[in-house]
Amino acid sequence: MAFGSSALIVMVVGYTGGACLSLLAPSERLARAFTALGAVAGCVGGLAAAAGVLATRVPVEAMLPSLVSAAGGIVIRLDMLGAFFLVLIAAVGLLAAIYGITYTAEYEGRHSLRLFGLMFNGFLLGMTLVPCAANVFTFLLAWELMAVTSYFLVMTESEHLETRHAGLWYAVMTHFGFLLLLPMFLMMAPGGDATTFADLRAGAALMPAETRSGVFLLALVAFGSKAGIVPLHVWLPRAHPAAPSHISALMSGVMIKLGVYGLLRVVVDFLGTGPAWWGGLVLAAGSLSALGGVLYALTENDLKRLLAYSSVENIGVILLGIGAGLVLQSYGLRALALVGFGAALLHTLNHACFKALLFLATGNVLHEAHTRNMEQMGGLIKGMPQTAILFLIGSAAAAALPPLNGFASEWMVFQALLSGAQIPQPEVAIGTPLAIGVLALTSGLAAVCFVKAFGISFLAMPRSDNAAHAREAHWSSRAVMGVFAAGCVVLGLMAPHTLSGIYRIVESLSPRTPPAPSAAVGSVWLVAPNGIAQVSPLLIACFLTSVIVVLVAVLRVRGVELRHADTWGCGRIQQTARMEYTSSAFAEPLRRVFSELYRPTEDLSISVHPESRYFVRSITYTSQVVPWIERAFYDPVARGMFACATQVRRLQGGSVHLYLLYLAGALMVALASAWWFK
Amino acid sequence: MVNGTFSQLVTLGSSGMLLTALIVLWRKGVPAYITAYKWQAWLLAAITATVGYYGRDPQLYWVAAGLLALKGVAIPALLRTMQRRFGAQREATPYVNTEVSLVIASVLVLFAYVLARPWMTVTHLPTRQGLPLAMGLLFVSLFIVVSRKKAITQVIGFLMLENAIALLAVVGTYGVPLLVEFGVFLDALMGFLVMQIFVYHIHETFDSIDVEELTRLRH
Amino acid sequence: MSRYLAIALQTLVAVALAPALVGFIRWLKARLQGRRGAPPWQPYFEIRKLFGKEAVVSHTASWIFNVTPFVVFGTSVLVASLVPLIIAPSGPFLVGDLFATVYLLLLGTFFLALAGLDTGSPFGGMGASREMTVVALTEPTVALSIVALALNAGSTSFSQIVARTLAEPRAALGPGHVLAFAALFIVTLAETGRLPVDNPSTHLELTMIHEAMILEYSGPYLALIEWGAALKLLVFLSLAANLFVPWGIASSLSPVALTIGFVSLIAKLGVLAVVIAVLETRVAKLRLFRVPELLSASFVLAALAVMSTVLAR
Amino acid sequence: MILSVLLMPPLLASCLAILVRPYKRFVGWVSLIGASLSFAASIALCATVVTAGPLQDAASATALWRVDALSSLLALCIAFVALLAAILGQRVGRPDREELSQTRHFRIFTNAFVFTMLAAVTIQNVALMWVAIEATTITSAMVIPLTRTKASVEASWKYILICSVGIALAFAGTVLAYFDFVTTAGEVPGSLNWTVLRATAPSLHPQLLQLAFAFILIGYGTKAGMAPMHTWLPDAHSEAPSPISAMMSGVLLAVAMYAIARWKAVVDVSVSPWFTNSLLTAFGLLSLTIGAFSLVIQHHYKRMLAYSSVEHMGLVSIGLALGPLGTFAALLHVVNHAVAKSMSFLLAGRILHRYETTEIAKVTGLLRVMPWTGSLFAVGILALVGLPPFGLFVSEFLLVRAAVVSGRFWVAGVVLVLLLIVFASLIDHLNGMLYGEAPAGVAVGERCNWSLAALALSVGVLVVLGVTLPRPISALITQSVRGVIP
């Protein structure tokens, strides 16, 4: 017990120390050093605390009632679920901090690294406090601290105009989510003064049905806007590319998971079992996000926006797991629900790992090739071989290819959805298989998306001289990415172990559930609910490597002569980079297949030679996919607001008589109301 | 019977004051407004004296004297100097022409009577008839401030508003305590002086005291 | 011991049989078109010839180009070891279920597409883009047909499905089963690049999908990829056959049961080969942007299969 | 004795400024020392009031001055903001032309303005409180046209006219209430004192008090900048020199709110609170709406801060209408807003001094041009928007909680939506100002001098209020809530 709270203290002191030291650091270099030092110290403290809780299964508690006693004071309680997310945050934070040392070196002249250090440590402090918070005020304090500091981090490269727009979008959407959290927590607080999570849990049991549904809806929208569910995801593809790469790795890998943490904490922990339509709504949101995310990822040419949309897709997959869990829980199939939540948490862990790897690799590419546009990359595998291999591992994991961790969690989500078919009502049971169809389509499209991401940017010939001259970044960044890649492989092969640990966490959420299904068939097998099907990534990897080794040995014995020549081009003289397939060309067939969804804007202009129209001088074809979700939902809201604003502006017309008329009118209204209401 | 004449005198005085306010709405020239205001101040002083006499409250005599000196003599003189200085003879065409403003004034007085009905049931003071008239004067002077365009006319409207409230005080409560009376005097004088300085400022910077010019600050 | 040996033998049989299956289909098509056609065992000669030649590698290609043939062939062999050919593999030896098979094949296609992009030639890029489009659109159909089967058998592992259909022959003719079979057959044509979707025998730039990706390969690499593709065709056909018509699969390891299993496998593959050959001579190649309509038709079939199994229950 | 130490320094400083014929620099330093003296006195006053209960200068009911928890809280705010303004207001007015006479003019009326506000808060007599508030209008109006431009003359005229008319209506309300009091209880000495009024309130006539409260709400509402009587506020605050607009925006609006709260306590005893609450909520929501939407399209940062005051006063009036929990939130909001708004206005003054334009579009690259002022200005705006580490988040959180607990979900909903609009517009404007390239002809770089340290101190106060809400402050506020809610 003492170990846990002392580790938490080390964490908080580490972050605040790092923040203050980097703010007051005399030189920029020192500021960078202090930032990394504070972050590493804090993350180590966080990891120790979380590991302690996960090992001993005993939550760590700390109370500071004197602070803001009116609002309930600062209360900290780290239980199993919180510890899982704290491990996630601290691990990714630690590695991102190390990566940041070399990455922010290029900011030395342009941006204040002191402000960056303050905000970076504040961001980590805010994120780590969210899972530890145990009363409403601490949760909201940590939540908003995370939002504010991440806003300033997104705004570091503020010289570009779209960064500023991205910052604004991000700030407004996060605050929208935050302002929904307020009434949600207050609807749950019974007497208005008891606001610790234990009281909320007790209060939630006595709440009438419609308040529970109201709380559920508010929680889904509020945490959904942080997680990036489709209608509320618009800030994600803007904020992540604008932020520095290791910040977008932290945001995409870990920050949006706190939306998932909030959803689990409120819906599963506080509200417990609800009606079936809750699960149905989460399933619908999950499939919408999964499909919407991957479809827009496909047509992206900006590598970081592609990864941001793929985060939206993976959040959709996580929500499918949670949705399956909720539906099964509402029909009393507790053991199967456990598998659903377990699959969701496993995918949260895996996504954090491979998405952070991909963003950091993009950071290296950006650092060297000074561009995010895939149309100007190509052939980077020649100049940056190690980054290429690491990016390949990340994209293979993201495309859920077998031996890696993406496959393990996606397989578990498939099995959780499949077990949904055992629900007594057939008309409800039909929902889960259709979700399987959506999930399969999503994983297929994800494979296409990552073939494009890796193939176009790393393979074949460089399309710009920047890409041609790209060389490997600093060894520390490659080491950090190596750790993440190892994480992908190990999490993939050792998936059964992590899953049994996760089952214990989910059990701690609702103590009433029976013990987890026998996952102890052998620590090699991933077992589907009640043992109907099993898969072992470890054995798959062993068989595959053994077959390949045998093949290579056979060929080596026979002797293979290799001759290097030009790529065959139907007798062309010389192969140039302009003949390669570009990223928009690669995605063009699917854009044509899903043109109803994309509704791309296309315009073709042919300029003809003045003398005769038969000699065409140039043909320019531009086609753009503008996410119609923004046009459908967000533009009307913005237009409405500006219309109201112009009306209200006209109130302040400038003439004194008008103002005095307002005064007299207000007097008349007040007197009439005083006279009217006896 | 004594109370009868007392309440009649007070009602006569307050309706006289209301009449002077209507003159401002009716006439066009600024000098006419200044004389109307002067008569109103004198009537107010008279009412205060009568209330002092009948209510057997010697302090009110001092108050009446103060009113006479300040509002009856000093302020009209300052207004005249200001008016001569700017030569603003004719009031620019107001927002609302004369007939419509008189109709509005009558509606406002009617509203004041409706509003004041509960007070009549509450109090049995002989001067209770003056209450609705005071409220009427308040609403009419408010209307003057709102609808007139010249800065001087707005100042006169504001001064009439203060007269209405003083009348309300005298009629309703036989005069507020002396210290408060002194404070209100001080404020009335300071308020008027500041407004006078500002009118000079306007005249100096906009070289016209038509409030229509003052619409640069908007939104 | 004997079970592992049997499964290893079964995999070797499949690897050996694959080129013969492709040769038989080519021979049958030639015969139907009135040509003498090369003998069915011609592909063995091609593979032996290719192994003897030197492999030409383009300057722009990276190490992915060299690794892809091994990955493609490796995944095909691994999938062959999972699929019930002569005996239904089960117990600890069974490494994965239907979903794992689909994703292993996706791994192979993933690397093949990357290799196509690696050489930098427009044909490779075009082939990769179209192949990945087709694969992405077939994924939901495969998943739903598996779900249709799994709902009956209560599990996605092959042995359970086969055992369940053997136990209840009546279920084999149920609407769920038939629709799932039709959907899976269309997917087979799309995945292995057979005629309605892609013409295996053509090298015409604009029409080929699978061929375009392996245009740059030569020598042993090309042999491995061709052999892997043939093995993938055999796996899909035997999957379609044995999951829906499982009679003849050896339930025990006795030599009699094994020979019956082998003979029934050959018979089933022969019938399917004849169907494919007749189909390919009758049907012309679909334009690329009509292929999604075909695949959505198969998706609807699979969805109907699932609904009938779930609602009929 | 403490009361005189609180009130005397600003009065003496103002008289000194009048008497010293050729204006000397030391008058500025004297007023600074006076301001710190009265601030120390206000702290002592709060301490005594919290421990020993209300403080009166004379024992009897007819005592002129009475300081209870609510008035000591406001006195503390006024003194703090006055000290801040005194520190930051050293070089004021246009430095080139006849600077000395302007500064003398400024010194006289600023100190008089502080004295009148302190008097308004500590006087027990209702009518004298009105007189003091009217005096604040007059003294502050004199300072607005310090730099004689068309805009400042227009702003001063509008300010003096609208506020005087409003205040006159408030006096009509006071007279009506006094009339009702005299008819029921007769001429009692010291009858216009709060304590006496509250004691006799049950026997007053409800319908008369309703009318009186209507007048008072409109009258003092004009001074508090509640919509639709807020129209003078953006002009006056954007044209006045920054120390005065800091004090006006920070505490003058709060003094008017104090008057409304006092009268609400009296009226609620005889009339059911439902009436006053519904009026306050209606006007509060109106000012919140008008304040929020006026911020969306705004081109001048001083007017932006002024409209944000209208919005915050809307929040305070809604808070007053939500029962004890809401009143606690409202009073805490007054304290937080006073600190945050005065700091922001003073910083806006420094920005105006450097950029010489109030256009938001022309102020770019603030973080690069004035790093310390820019970051403090950003902190001020983030505090005003209600983000956690600062006090305003706690008060807004308590306000929404009061609304939800008292069952008014729709009020909480509307407030949250409008807060989102305010957040979006303020962050957008702040975004435009902080980042981007420094405009040509603006000196880049800034030395951190001790006046900025004072502002950093106020940021410290905001964070302390936001994170810890020290026990004495919350005790003071709970006592004043008991004073306001009958």
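We just call them A, B, C and D in the order they show up, numbering each chain from 1.
Following the convention adopted for this analysis, contacts are C-beta pairs under 8 Å (C-beta built on N, C-alpha and C of every residue); 3 or more make two chains touch, one makes a residue touch a chain.
On a predicted model such as this, the values are computed, not experimentally measured, just so you know.
A.B. asks: What's the fewest number of moves from chain B to chain C, given that each move must go to a chain touching the current one?
C.D. replies: Counted as steps through touching chains, the separation is 2.
A.B. asks: So which chain ends up closest to the centre of the protein, judged by Cα positions averaged per chain?
C.D. replies: A
A.B. asks: Please report how many Å separate the Cα centroid of chain B from that of chain D, as a whole number.
C.D. replies: Roughly 31 Å separates the two chain centres.
A.B. asks: Please work out the Cα centroid separation of chain A and chain D, and write it as a whole number of Å.
C.D. replies: For chain A versus chain D, the centre distance works out to 44 Å.
A.B. asks: Rounded to the nearest whole Å, what is the centre-to-centre distance of chain A and chain B, using the mean of the C-alpha atoms as each centre?
C.D. replies: 69
A.B. asks: Could you tell me the distance, in whole angstrom, between the mean C-alpha positions of chain C and chain D?
C.D. replies: 79
A.B. asks: Residues of chain B that contact two or more other chains, please.
C.D. replies: 115, 142, 145, 154, 211, 214, 216-217, 219
A.B. asks: What parts of chain C, by residue number, touch at least two of the other chains?
C.D. replies: None at all.
A.B. asks: Would you please write down the residue numbers of chain D that are in contact with two or more other chains?
C.D. replies: In chain D, 157-158, 161, 165, 207, 211, 234, 294, 297 touch at least two other chains.
A.B. asks: Should the pattern of chain-chain touching be classed as line, ring, star, complete or other?
C.D. replies: Drawn as a graph, the chains match no named shape, so other.
A.B. asks: Please give the residue numbers of chain B that touch chain D in the complex, ascending.
C.D. replies: Contacts found on chain B: 115, 118-119, 122-123, 125, 131, 138, 142, 145, 151, 154, 158, 161-162, 164-165, 168-169, 172-174, 176-177, 179-180, 183-184, 186-187, 190-191, 194-195, 197-198, 201-202, 204-206, 211, 214, 216-217, 219.
A.B. asks: In their shared complex, at which residues does chain A touch chain B?
C.D. replies: Listed in rising order, the residues are 649, 652-657, 660-661, 663-664, 667-668, 671, 675.
A.B. asks: Give the list of chain B residues in touch with chain A in this complex.
C.D. replies: 95, 111, 114-115, 142-143, 145-147, 149, 154, 211-212, 214-219
A.B. asks: Which residues of chain D touch chain A in their complex?
C.D. replies: Against chain A, chain D makes touches at 157-158, 161-162, 165-166, 169, 207, 210-211, 213-215, 217-218, 221-222, 228-229, 231-232, 234, 275, 279, 283, 289-290, 293-294, 296-297, 325, 328, 332, 367, 371, 375, 382, 387-389, 393-394, 397-398, 400-401, 404-405, 409, 412-413, 416-417, 419-421, 423-424, 427-428, 431-432, 434-437, 466-469, 471, 474.
A.B. asks: For a test of understanding, state which residues of chain D touch chain B in their complex under the given definition.
C.D. replies: Listed in rising order, the residues of chain D that touch chain B are 125, 127-128, 131, 134-135, 138, 141-142, 145, 148-151, 153-158, 160-161, 164-165, 168, 171-172, 175-176, 178-180, 182-183, 187, 191-192, 205, 207-208, 211, 234-235, 238-239, 294, 297-299, 303.
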